[in-house]
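A, B and C are the chain letters, set down in written order, and residue numbers restart from 1 in every chain.
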Amino acid sequence: MKSHRVTLTLHEPQRVGFVNITPDVEEAVEASGVQEGLCLVNAMHITASVFINDDEPGLHEDYKRWLEHLAPFNAGTDPARGGYLHNRSGEDNGDAHHKRQIMGREVVVAITKGRLDFGPWEQIFYGEFDGRRDKRVLIKIIGA
Amino acid sequence: MKSHRVTLTLHEPQRVGFVNITPDVEEAVEASGVQEGLCLVNAMHITASVFINDDEPGLHEDYKRWLEHLAPFNAGTDPARGGYLHNRSGEDNGDAHHKRQIMGREVVVAITKGRLDFGPWEQIFYGEFDGRRDKRVLIKIIGA
Amino acid sequence: MKSHRVTLTLHEPQRVGFVNITPDVEEAVEASGVQEGLCLVNAMHITASVFINDDEPGLHEDYKRWLEHLAPFNAGTDPARGGYLHNRSGEDNGDAHHKRQIMGREVVVAITKGRLDFGPWEQIFYGEFDGRRDKRVLIKIIGA
């Protein structure tokens, strides 16, 4: 069994943003030499996501608006006023921990004949919900 | 290490629907000859889900109503009127890309002694949110 | 290829609660002898979740309040009054099947050099949404 590990470092200049990391994952698959296996891609931070969807800017704006509706940013600490108890720990990112749960932590992708085994529109995105600092994504590949 | 790959083609006649694909996955596990391993099952399309829950028709109706509440269908392109920017790309399925994020893209199931290692009520479903055409599900099995 | 399987039994005294199971998963990884591989951790019940986030009590209270907002508990069977069709099957846990979809069924974690390959704050939680009885979590490890 072969295995291969790569980490990516991302720095999203806004609080919320999406980055297509498919080329980085493809590169890691090629470097692994794995022909048949599984590729795990996960955010190593708990206010960020890795997810698969369409590389379409309008959709990404829709996601941002929708996530803001489902879990609004609020730096406050009083739930009765829309704040988050989490922010009492000195953070202002309570919303980001919620947005990440909607979009997910990780994806697992099949590797077939040495390549990501994707449908026609599948692309892998890093989703940032508390940006403006370096964060890491882990790529772990196992197979033969 | 053994590996095995199968794709299923589904055609949901409605826009939204759920299909129990557990028997297909069980068949793939048996064909793989894998005794101990992991089984990835994922939608290959980005307006569909694969998820594990109960095979209970009332629950599925509840899910449809709930997803419609969280991400309503709207063919329009103006977010101020409930539309989706994504629909400016010529689609009317902006809602489906959101519903799929709630229900997830994939499941990973353990294989133990040659069978899906399931709790008492776990069943695997294909979730369609923009149906009326052929779509594919990927089953990838690795193990020994 | 090595494989290892452990189940945990949890009994959450409340209807809803979160339990940090990271030490149990670490113990399973150590017992497996796997140095490089993947570790699947999933709820074996369909009204419970396994997810990765912060071990911070305020955040967990935020999650409970948020999930109650997104999928309120209601023992009734009439959707027009906030009930769930699922409850016509004799259950009162329709809400729990929805909360579990938000928080997810499973996580897949990389194993590197014999340890969970985690970012600085990642911790694995069991999320219970219909507690007060024994439930199981499956840990399945494969690798070399």
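Basically, a residue touches a chain if its C-beta (ideal position, glycine included) is under 8 Å from a C-beta of that chain, and two chains touch if they have at least 3 such contacts.
By chain, UniProt protein names: A, B, C = Secondary thiamine-phosphate synthase enzyme.
Predicted model only: the values in this text are computed from it and were never measured.
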{"item": "Rotation in the CA alignment of subunit A with subunit C, degrees, nearest 5", "value": "120"}
{"item": "Residue-number overlap at the subunit B/subunit C interface, same or different (half cut)", "value": "different"}
{"item": "Mean-CA-position distance for subunit C and subunit B (Å)", "value": "20"}
{"item": "Multi-chain contact residues (two or more partners), subunit B", "value": "1, 38, 70, 102, 104, 108, 142"}
{"item": "Touching residues (chain side subunit B, partner subunit C) in the complex", "value": "1, 36-38, 51-54, 56, 58-59, 61-63, 65-66, 70, 102-104, 107-110, 112, 117-122, 142-144"}
{"item": "Contact set on subunit A toward subunit C in their complex", "value": "1, 3, 5, 38, 40, 42-46, 70-71, 79, 84-89, 94, 97-98, 100-102, 104-106, 108, 136, 138, 140, 142"}
